[in-house]
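Chain nomenclature is as follows: A, B, C and D, assigned in order of appearance, with residue numbering initiated at 1 for each chain independently.
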Amino acid sequence: MFKGHVYITLKEGVLDPQGKAAENSLDTLGFSQINQVKFGKFIEVELEAENKEEAVKQLKAISEKLLANLVIENYRVEVVEVDK
Amino acid sequence: MKFAVVIFPGTSGEGDVYHVLKNVLGKSVDYVWHAETDLNGYDVIILPAGTSYGDYIRAGAIARFSPIMEAVVAFAESGGLVLGIGNGFQILLEANLLPGALLKNKSLKFICKDSNLRVENINTFFTNHFEADEILSMPIAHNFGSYFCDEKTLEELTINQQIVFSYSSLDGKVPQVANYNVRLANIAGIINKEGNILGMMPHPERSSEEILGGTDGLRLFTSIINKLEGVGA
Amino acid sequence: MAELTYKEMGLNDEEYAQIIEILGREPNYLELGMFSVMWSEHCGYKSSRPLLKTLPTTGEDVIHGPGENAGVVDIGDGQALVFKIESHNSPSAVEPYEGAATGVGGIIRDIFTMGARPIAVLNSLRLGDLTDEKVKQLFSGIVAGISGYGNSLGIPTVGGEVYFNPIYNANPLVNAMGVGLVNIDEIALAVAGEVGSPLVLVGSKTGRDGIHGATFSSEELSDSTADKRPTVQAGDPFMEKLLIEACLELIENELIAGMQDLGAAGLTSSIAEAASKKGRGVAVDVSKVPQREAGMSAYEIMLSESQERMLIVPQVGSENKVIEICNKWGLEAVIIGEVTDDGLFNIYEGEKLVGTLPVLALTDDCPVYVRVSEEPAYYAEHKAFDANALQTKDLNSAFLDLLSSPTIASKEWVFSQYDYQVRTNTVVVPGAGDAAVLRVKGTPKGIALTTDCNSRMVYLDPYRGTMMAVAEAARNLACVGAKPLALTNCLNFGNPEKPNIYWQFEQAINGISSASSALNIPVVSGNVSLYNETESAAIYPTPTIGMVGILEDIACRQDMAFKQAGDIIVLLGDLATSLGGSEYLFVCHGLETGEVPEIDLEKEANLIELLLQGHKAKLFNSCHDISEGGLALALAESAISGNLGFKVDLAADGKAIDGLLFSEAPSRVVVSINSADISLLQESAINLGISVNIIGEVTSQDLIINIDGKAIISSDMEKAQQAWGEAIECMMD
Amino acid sequence: MFKGHVYITLKEGVLDPQGKAAENSLDTLGFSQINQVKFGKFIEVELEAENKEEAVKQLKAISEKLLANLVIENYRVEVVEVDK
């Protein structure tokens, strides 16, 4: 059993109104040292696989097929084996 | 001629377009459940507005994998007419039947209101009952309604006149700026190069009866009927 | 989770003793938990039942009154409206988005549980001072939650109200009203079916969320509610949508003997209520219940308030068909038990019997309290207030201040987040009129929907104030052309164990009764939310009234917008001056006091009759009732909506000028009509004893009110539009 | 200038309809080895700070004040100094 993480972020040049809104309210809240905020997704996955490579392959596959929209998003996967 | 209105799990807007086609226009129309795989006998496929699969992950992300979508793709590739309204548009984008993607509204809020649209291209199956540069009023109601594509795609859309509807002010002015983001933001509906797949965020089915405040939307449906019955489909 | 004592579960010593007596032994933990939720205020109506019994609940159109999941009224052509209003206050105070969202989910389940297709949602909100950051967060979270949930169901949110008052800072109110349409012969009821019929649980898996939610919502909010946070429930509108479609398909195919949604107190309550209806018993195996989390105890499973679940009792022998249809909709459906004839609620964990108690003990033996009632000192004090003692104000700036007071200002910031058009039936949309109007496809008919309650008036005089709320709801329906049919109510109050609060409660319910019988509008459903208090204070008593009405011919509907310059403006009703409880006193003098204006219910009934006659004769070009802000603001709202001005001339005749402009005295409506039609209107008005005051005319621009020839209010349209149209938006974004 | 990451996940026991929907969809897509999917947020922040501790403190502050909803969400922060 493997545990994987998928990180989904917006591509350069794609507007991130959520990030902008956060920057503004942080400003009004007095957090003047915050320069930039970018919103993305953090997806935790539990999966079965022969080995780590196999697991990475699967995570990439589901990211490209379903979890991320490659027109606007980039993704990064990471596998953490679960010690039973 | 016969219309099909596809229903996915959680689809919420199917009844509105069905009502217009059947009761306002007296056309024959069926609901088609997403698990079906056969679209034979239909002339126009409509992916209705609203929500599907709760719009989880991304609007349209799950629906595009429904069994019926293979048939929709085949139908479209053989030149059949496909119309996606709102959520239907989002599904067409996720299915790569149209280019680009729809992002969360700038306001970060759901927006329900009437919008002014300028017709940018009247030489399509879907817009031949409009007049060039005519200003229409149609409601919008969406969370993810701001269109996005890369510059290259935007150039192609522009050159091939694939931008069919733009958001506009009443006087018909659409800021004709160079700014790529602003130009994107004005896009309300696009068509594929071949001209048989239209996706739009505004709701023609909600502006097809006087009692609802206007009938601009109705002419989108009569355009389709006109073209198809004209060519004896 | 650590075991709670019966006190922590909200039971007192007497109640615990009573349970021991009923069982003839000490209850085990599971049984105790089940008693505590069923005997909570929320489920057991401990403090309210005796008073609620006094409400008028019958009428020729009433098909089902209180007692079912929702009320049902006949609208002809074999169709009926199903509707109910319900609170989700404390969950929304803790988690505004999910709290409000699950509130919508809950009321919608009540509607389709009756076999009705949900066709509309309304929402009645009370929030604190909108300049307070915390209040802004609550406000946007609540509205986003209603929007997020309702919109994805494809059910339009067509109306409601929002009031702002510091009294609600820590105690926001979220009342959601659901409305459904049903063919009378397809109405479903929550009955247990035959002995031996299986109990089928459909929908979401059961998790640990919301355990003791019912108890929680029956307690005052204190810092310690922070520890109760695990009781927060998250909604899944997609699952709810599948449930709607599946359940309606089951009913269409006549596969159901009974159906009951799972709400407060989860499985315990819905099973007990279904079984009690026929004095039946039930045997349930919790190990059959699909679980979201590992290692859940019988106690947790029976008390969980996980959302989007339905209990279905199939017609004998049709359980497989039922499960099949549910599966087609992608819904899990499992048999978790069966109906028995021994009147006992037996809970098994596999083979092992882990709890057994009499069904009726849970539903009918819940103790009932007639609390001590005492008139609070404030009542007489406020009544004694003398408005003549007020320092004089510049009334034109008062007018502009009122326009931008969030309680009066345009609620577009709210309803533009709601899909109010889906289903394409909404013909008078939010903001356009005093009530929403929906067409009924396939008929010439329309239905009108509204919610109303000015809780400041109710606070100052619970009896009068509540009569005013009922009257305003009825008037709002009549203003759009609808005959009021029936009402639902959501009684939001403080802690009834406090004599002053119980007095408010008692007076308010008497107010509903009086108005309801005088106007002949029966009460068919409702909901009670008590203990809306923090250490600091109780909320204003807020008996929200939801009302439905019918238009036999939808062509006779009307909105509030002036239509053409030259129309004459008529005030139907009196030139009243009483300022008691007015928004003017609050906004311009910082006062919430005064004697609540008198209300003459017979006159109200006649006014409503006059409006209906006028609509029928198509006399009115606009119609808007006078409420918050008084005559001046009613005029302004009609003008702004129509983007036309007005010139109004009033004679003081020794009356107080600010009173003339801003009094919120009831039973008054502003209409604009064709000058040719005035005599017609006067005729019917005289017969009904309603005074017709011609006060001015619609103009192409500028809002002007002269008193004794002197311009008291004078504003250009742009200024007014901005003040009224952008106030809330400016405060929020 | 520091770069920080904020990971926001749903608290134990809070319903995650998106995750459920993803699991079902992946199942029908034939990814039978995927057992569980949980949706969270991944937020990238650029901020000024004296030192790493200072930066961590700020990230925690903005997470609690704005980015995370502590009623139903947990958060974790992580700082990566940016080498200029």
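Quick note on the criterion: a contact is a pair of C-beta atoms (placed from the backbone, for glycine too) under 8 Å apart; a residue touches a chain by one contact, two chains touch by 3 or more.
Small disclaimer: the values here were computed from a predicted structure and weren't measured.
Between B-D and C-D, more C-beta contact pairs are found at C-D. We define each chain's centre as the mean of its Cα atoms; on that basis subunit A and subunit C are separated by 41 Å.
Averaged C-alpha coordinates put the centre of subunit C at 37 Å from the centre of subunit D. In terms of their C-alpha centroids, the spacing between subunit A and subunit D amounts to 8 Å.
Within subunit B, the positions touching two or more other chains are listed as 53-54, 56-57, 62, 65, 107. With touch defined as above, residues shared between interfaces to two or more other chains in subunit A number as follows: 66-67.
In subunit C, the residues touching two or more other chains are 236, 238-239, 330. Contacting chain pairs (ordered by label): A-B, A-D, B-C, B-D, C-D. The part of subunit D that touches subunit C in the complex is made up of residues 13-17, 20-21, 24, 69, 71-72. Residues of subunit C that touch subunit B in their complex: 144, 147-148, 151-154, 236-239, 241-242, 329-330, 415-424, 426-427, 439, 441, 554, 733.
Subunit B contributes residues 57-58, 61-62, 65, 93-94, 99-101, 103-108, 146, 148-150, 181 to its touches with subunit A in the complex.
Contact residues on subunit B toward subunit C in their complex (touch as defined above): 9-13, 15-16, 19, 23, 49-51, 53-56, 107, 109-113, 139, 141, 143, 203, 205-206, 209, 211-212.
On subunit C, the positions that touch subunit D within their shared complex are 94-95, 98, 204, 207-209, 229-230, 232-236, 238-239, 292-293, 306-307, 330.
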